[in-house]
Amino acid sequence: MDTASFIFYLLATLLVIASLLVVFLRNVVHCAMALVTALLLIAVMFVTLHAPMLCVLQVMVYAGAIMVLFLFVIMFLNPGALEQQRGLWWGFGTLLAMMLAGVLVPLVATSDLPADPVAATELFGSPEMLAKSLFSDYVLPFEIASVLLLVAIIGAVVLAKREN
Amino acid sequence: MMSSDLLRWIPLIPLLASAINLFFGRAIGKRPAGALASAAVGASFALAFYVFWQLPASGVMRDLVYTWIQSGSFQINLSFQVDALTAVMLLIVTGIGLLIHIYSLGYMAHDADMVRFFVYLNLFIFFMLVLVMGDNLLLLFVGWEGVGLCSYLLIGFWYHDPNNAIAGNKAFIVNRIGDLGFILGIFILVAELARQGVWTLDFAELAKQVKLLSPATITLVTFLLFIGATGKSAQLPLFVWLPDAMAGPTPVSALIHAATMVTAGVYMTARLHFLFALAPATLALIAVVGAATAFFAATIALTQNDIKKVLAYSTVSQLGYMFLAVGMGAFGAAIFHVFTHAFFKACLFLGSGSVIHALGGEQDMRKMGGLKSHMPRTYWTYVVATLAIAGAPFTAGFFSKDLILWQTFSHGAIALWGVGLVTAGMTAFYMFRQLFMVFHGECRADEHAKAHLHESPAVMTWPLMILAAGSIFTGWLGAPEYLWGSRWDHWLEPIFGKVAHHGAVSTELLVTGLTLAVVAAGIYLAYLMYGKPGAQPASVPSGLLHKISLNKYYVDEIYDFALVRPFTLVAKFFASIVDPWVIDGAVNGVAATTRGLSTIWRGLQSGNVQHYAAMFVTGALALLAYYLGQLS
Amino acid sequence: MMSAQGFGDLTLLLAIPVIGAALLLFLPRRQSCALFTVALLASAAAFLWSLKIFNRFDGGSGAMQLVERVAWMPAVGIQYLLGIDGISIFLVLLTTFLMPLALLASWSVRDKVKEYLIFMLLLETGMLGAFLALDLVLFYVFWEVMLVPMYFLIGVWGGTRRIYAALKFVLFTMAGSLLMLVAIIYLATRHAQMTQALTFDVMQLYELHLPVEQQFWLFLAFALSFAIKVPLFPFHTWLPDAHVEAPTAGSVILAGVLLKLGTYGFLRFALPLFPDAAIALMPYLIALSVIGIVYGALVAMMQTDIKKLVAYSSVSHLGFVMLGLCALNMQGVQGSLYQMLNHGLSTGALFLLVGMIYDRRHTRLISEFGGLWKQMPLFSALLLVVTFSSIGLPGLNGFVGEFLILLGAFRVTPAWTAVAASGVILGAVYMLWMFRRVIFGPLNNPENQKLQDLNSRELIILTPIIFLIVLMGVYPQPFLSRMQPAVEANLKRILAMPAAPAAVQIEVSGEPKNDGR
Amino acid sequence: MDVNLVPLLPAVQVLVTALVVTLRDLFIKDGESRGVLAFYSLVGLGLAAAEVFFLLGGRQEGAFNDSYMLDRFALFFALIFILAAALTILSAIDYVRQTGMREGEFYALILFATVGMIVMAAANDLMVFFLGLETMSIAVYVLTGMWRSNGRSSEAAMKYFLMGAFATGFLLYGIALIYGATGSTNLAQISAYLLDQPSEWPVYLIGGGFLLLIGFAFKVGAVPFHFWVPDVYEGAPTPVTGFMSVAVKAAAFAAWARILLYKLSPLDNDWVFPLWIIAIATMTLGNLLAITQHSIKRMLAYSSIAHAGYLLIPIVVGVEWGGLPLLFYLLAYSFMTLGAFAVLTSMTEGDESKDGYSDFAGLGFKRPFLALAMALFMLSLAGFPPLAGFTGKFYVFRSAVLSGHLNLAIIGVLNSLLSVIFYLRVIVAMYMEEGGAAGKSFRQAPFVYIAVAIALLGTIYLGILPADALDWSRRAFGSLE
Amino acid sequence: MIALHNYLILSAVIFSIGVIGVLIRRNLIVVLMSIELMLNAVNLTFIAFSRYLGSTDGQVIVFFVMAVAAAEAVIGLAIIISVYRHRQSLDPQEMQLLKW
């Protein structure tokens, strides 16, 4: 096993564990912490896949902004610390999701995939490349995304603003 | 063959009078309306007589009014014809009809609904004339049904008594049962001929094409037609309506239920003699049915106490004679009996009507008696008619009935002849029983009725007298060979052909003598039991046979039990079980199932968003699993 | 005659009631008299216009006449295609004739008059359209269009169970017609595949000869739709409910015209479009018709409600009509067509009469009546005529139709016809029974002793019907002769194919044999 | 790279309107009338419609490397969206005031959603489509929950959002797999790839297609991804429900038609059978469950599921025959459904929504016009001729027959029969029962009447004279070539 | 090197774990977090494909997905707050005003 493989398997294991913790821990805050961990692990994985810029964004946007927002809401609402369990439904839901994994995995676990990554250039995954793409090929989605965020802002305000 | 536009007016005049009275009768007033109706029939009679007079010796007169129904090759004309047979019937219908119209002027004078009565009566004359004048089977059927309608209306004329209305219904429906046979007979006739490329119901045409039909078909057709005749002419087993039909006003009984309409069956067989003649099996059946009916009805008539019921059963019995004649192939004799019977039976009915009129509506003979002195004209005409129906020598009934019995005998149907003979005796008995009970002995009416006893007005008695005269003299037209010979047979020769005479005159005389002896015995017996001073006509003899006879063999009850009730039960089963529960139940069941399914499936929509997500995942799972399954 | 283009007389006929309805929309709802007048005028105008059409109509031709053809959805070949022939002309006349009378008979409607009249007029257009349409899709459109006003008429102005009855009526009808829609589409598709011509024109579709097994299903779909409308046993249970609950005019139109659409559909569409299947399935149709005749009569006999009795009698009578159609010969089909008119008149009149007595007494139970002749002689006399017309007394219209039907059927299936003919007896039994209990007998019920006889409005309604009942019985030839060419053409379409079984005889020669005369 | 901005015109027009409304709203003090905002919105939508017509006449072309194709197809749908938005705003004017929702944001969000929809219909790139979808979805999530004083509204928003976001995950996963297989998200390139290498497609490509399909099925409310529909439709403010059931559904079908039906049509064989089942299940379940509802709004929700089922028929039928019926049916469906919801909108008393069958009792004679319109909408939805719904169904079933899916046509018509039961119940309530709520008079809610009238005209027009619209639908779908 | 399918399987597993969270958790916030997890799993797929196809598009897409995820998180949390105001609860299973 080479280093890359080792790193992958290590990250993968940790990621699965963190994810499982997200869905199975009963304290909301703990869940949020597990999620942060998972997101960071994914960020690390992005690095191994030659996407350094996205790694940074992942850390900033997700682990930074979004998770802070989550924690903020958690604190704001301060719900009951521990969530109730309902055994049967938990088991059923888990089983269902595992079955889903059982059909998703065969879909992607095929041999007709490219075995090796294409030799990466220097630029691959760099901010420059991303920026070029965004403002040439992807300028339209970029604009739409801005509208999307605007809508989200307005919506959030409308929904969450306290009534007079 | 002659063509004449005149013919259509014979039926049309009564129809017009009927229509005028229908719409304007109230405005005209009762008596003028009655007079108009009578005048219309009188006009018809005059026309009929004129036609009769004009009728060429071997000829037929035709009057094509218009094409009535045409569908594909099937064509029926509204077209009248008069030949010798029709001419006779025409005279009977219009002649007797006229007398009875006149009689009714008196009889119905006090009835509030007299106009309506004459509307019906004229309508009846119209339909009867269509029946006898129609030149095709379908037109005959139109008249056939039309007279049934009028019969229905007139039986139920006094509608406020539910029994009358019920009797009317019974008459119509029983007739309809017969008509089913009739119409099926027509269908077979048309269909069979159509198969051979001939489309006709025209009598003349049928007579020509009858050779195309196989014997079996002819037998079937005639059999079915005869079923129709048993309905209309009150033969076994469909005779049950006629006695009940006496619920109508008495002139109606005389005209419709004695003289004319009920003989339509005989007329029809005579009209289609060329068919019937080719169906010996049917003829045999007709003879048996006729004889049986004659006998059977006579036995019932023996014990009836209602003056009109006796006459009704006697009518059934006499009709039986006519069919006996038909069964022997002696159509001329049958029609002859129709002719004579029309006179004496009309006379009897009108006489009984006169009696009932005088007694203020009383019909029970046990409450009559001794009327001879109070209403002599009625009495003497009644005597004449009674003698005629009993078959006293040289009365009309003597000639016609004797002819039938002789035909039967000479055909070798000895058993049937025997039945006819016995029936003749019984006829004499019950008729004289009636005569004695009504006119002789003590008057058993209550005081109130006694006080009002009176002879009927002239407008009623004159018709009686004319009919009584007819009851004697009409018979002379058909005298046997050993007297002056039959003008009757000669007249009808163009229709039925020459009547063959077999058997020796001596035998014929012997048979006649035998009949007369039986008749005399019957009369004497009646005298002993009812006429002799000291007899107790009102007392009720006991005995099983008497009881059975009095109750008309319980035929109505048997029919009710064996046919009407099961039938009603079936109808009830359909109406209250099959329709609402099975058929509608299936429909409503589908609806209920749908709603039930809806309610059950609604349960999935639990409101729990995580259930929804689970269903979502299940769906996704199923889709992807399907795809993976396709791969392998 | 098929060359005519554009809108014309027939369209105007369809438009007149709609125009009337539109006028009504703008009238104030309080002035019920004005509303009635306008509606009556509109329907009378439609009647007069249909008479004019009748006048222009060439009775000697069996072809479609006064054809109007306008592209409607040209991409798929759907046209606004109207035409009239000897089959439809009389049904159109029947419709326009009955409608003013039905409106006149609605005088007792006091509630929501405006809507009532609008629905009646729309109903008229729907029915006329269904009779006139020669494009299958257009036919379907009108077929459904008339459903809605009828639904409202029953549902809003009906009796106590009106909502159930109305829904049942609609669901039953739609159950059949939706499958017919699929069949229509399929038929046109097959036609397009086989001839490259995209059309729903029924005259063109007649030419298509599909394999029997395809015809089989298509015929079933069409037949179901029409059988429900007829209604053929055992699809009849909507009818008594609808009739009993509907207001008088609704019943009149329902029995008088709507039911005819079912039999008309068989004659115009189901039989000639799918002749092989029709002939193969004919024994079953015959059996159902005959069962319907007897069954309807038996059930009618046991009814206590006059309207229900008449409703079941319709089941029986329409069974006759179906039987005649199934005979597939001149007499049977022509008799059926004639009987459709007869039934429209006599049953229409029966419902009118029942409605008149209901207006007075607010009950239809037979047991409530008795001895009405004394109090209402006119009513009784007219009821008598109508009753006997319904029974099929010779001299009145019913006989001609029944006779021809039975004659035609007898030539094909004697045994079934014999059974069917017993329906004639049963008809007499239940009708006379009803008549006796209502009209005859003593006038016992004090409620009945105050009854008024018919007023002049009611007489005006009934007189024309009675007149026609008598006229059509005495002199049917003007009607029959105009039907004949069209019926003959239709029969030729049905029978002019190779696989006609021997049991069905072909007899469509027009000229009668006049030998010896 | 040439930048062609013309095709963006309608979307930008609506977007600008939304921004203007948002900004103008800020300058209106509390308590002042905000009617002008609705006016702005309508004017903006009108301009957008005018631009659509203008573009229809011109040359249709793509922009941004053909990732955005404002072809006739997109323009057709843009018109539906604009129509839906306009009618929704018209019928919402009174409703919004009465329920105390924030007017400016309400109109703005409707407009934003419309922008997203136009983008979805025009998107020729999975990413563009995805972003359009999200723009629309987020706006509609918010709209659903906008009636904040109403617990049902919030609950509906929560359910909608949760299920929506969940479905987004599947959709995105599908996009990822397709991207992985074809190396692009551009539909033109994906399509080219599919045609280049037939039968050598990797497993995960089709798997991705399936996941995409799941996402679409969710958006249109197909069984078994439909569970959110009744709850959300019932809870959302009535005008929003109308908007959702028409515009959102139309947008989803637009994308479905372009992406799955047309561009990925080589994959048809793989999913035609499951789609067949889904179509049948959708219409049957929708109709079946609608029967036993007590609220007309919820009934309409189930009915909207059922109609999704009918709309799936042309999709099962495939690209050859399905295009025209799909588009035409959507158009017809838009008019009648918007009309029905507009009538429902008028049925409020205070801030309470009167949407039960019993509330409609006797409406026929209290508000004759509204009731008549409602009756016609119901009849049209049930498929009675000569109304739009019939014409639509006729073409849908015809397409099924033409393509040999006779069974679909038969099941479809049987479902129509089922649907008659509950559509007619509305009429029963309005005309054959007594009591109930009053509904608003023209004075009280003039704009609702205008909206109803427009929808009614459309419903009747498409029923009686559908030829032009049919032609238009045909050419619109044809422009996907 | 690690074969591509390893990454894909990993992301499929993470996706499914996210689904578990959505299905079973009775706290809306955690449900929302699970959805974020699902989106991240998809992101991983994109990046992995991008790397193995040598196509930069994947990375750009992930950029947009992040934007979308952020927007969804914001709206989701706003809705959660809104619901919480009415119900004082975050348990999705208790929210059953709308059903049947």
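Note that the chains are named A, B, C, D and E in the order they appear, and that numbering of residues resets to 1 at the start of each chain.
Throughout what follows, a residue touches a chain if its C-beta (ideal position, glycine included) is under 8 Å from a C-beta of that chain, and two chains touch if they have at least 3 such contacts.
Source: prediction; values computed, not measured.
Participant: According to the touch definition, list the chains common to the neighbour sets of chain A and chain E.
Facilitator: B, D
Participant: Walk from chain A over to chain D along touching chains and report the minimum step count.
Facilitator: Minimal hop count between chain A and chain D: 1.
Participant: Any idea whether B-E or D-E has more C-beta pairs in contact?
Facilitator: Of B-E and D-E, more C-beta pairs in contact link D-E.
Participant: Hey, which chain is the most central one here, using CA centres?
Facilitator: Going by the distance between chain centres and the overall C-alpha centre, it is C.
Participant: Going by the average position of its CA atoms, which chain sits the greatest distance from chain B?
Facilitator: Most remote chain from chain B, centroid-wise, comes out as A.
Participant: Compute the distance, rounded to whole Å, between the mean C-alpha positions of chain B and chain D.
Facilitator: Taking the mean C-alpha position of each chain, the two centres sit 78 Å apart.
Participant: What whole-Å value do you get for the distance between chain C and chain D if each is reduced to the mean of its CA atoms?
Facilitator: 43
Participant: What's the distance between the Cα centroids of chain C and chain E, rounded to whole Å?
Facilitator: 65
Participant: Where the CA atoms of chain B average out and where those of chain C average out, how many Å apart are those spots?
Facilitator: 37
Participant: Which positions in chain C touch two or more other chains at once?
Facilitator: none
Participant: Send over the residues of chain A in touch with two or more other chains.
Facilitator: 89, 92-93, 96-97, 100, 104, 106-108, 110, 113, 137-138, 141, 145, 148, 151-152, 155, 158-159
Participant: Residue numbers in chain E touching 2 or more other chains?
Facilitator: 8, 15, 18-19, 22-24, 32, 45, 48, 53, 57, 60, 64, 68, 71-72, 75, 78-80, 82, 92, 95, 97-100
Participant: Who touches whom among the chains?
Facilitator: A-B, A-D, A-E, B-C, B-D, B-E, C-D, D-E
Participant: Help me check something: in the complex, which residues belonging to chain C touch chain B?
Facilitator: The touching residues are 168, 172, 234, 236-238, 295, 298-299, 301-303, 329-331, 334-335, 371, 373-374, 384, 388, 393-395, 399-400, 403-404, 406-408, 410-411, 414, 417-418, 421-422, 424-425, 428-429, 432-433, 436, 439-443, 475-477, 480-481, 484, 488, 505, 507-516.
Participant: Would you tell me which residues of chain D are touching chain A in their complex?
Facilitator: 1, 15, 22, 63-65, 67-68, 102, 105, 108-109, 112, 115-116, 119, 125, 127-128, 131-132, 134-135, 138-139, 141-142, 145-146, 148-149, 157, 177, 202-204, 207
Participant: Quick one: in the complex, what on chain E touches chain D?
Facilitator: 8, 15, 18, 22, 28, 31-32, 35, 38-39, 41-42, 45-46, 48-49, 53, 55, 57-58, 60-61, 64-65, 68, 71-72, 75-76, 78-80, 82-83, 85-87, 92, 95, 97-100
Participant: For chain B, which residues count as touching chain C in their complex?
Facilitator: 66-75, 127, 138, 141-142, 144-146, 149, 152-153, 156, 159-162, 164-166, 168-169, 172-173, 176-177, 179-180, 183-184, 186-188, 190-191, 194-195, 197-199, 202, 204-205, 208, 568, 570-572, 574-576, 578-579, 583-584, 587
Participant: For chain C, which residues are in contact with chain D within the complex?
Facilitator: 71-76, 112, 115, 137, 140-141, 144-145, 147-148, 151-152, 155-156, 162-163, 166-167, 170-171, 174-175, 178-179, 181-182, 185-186, 189
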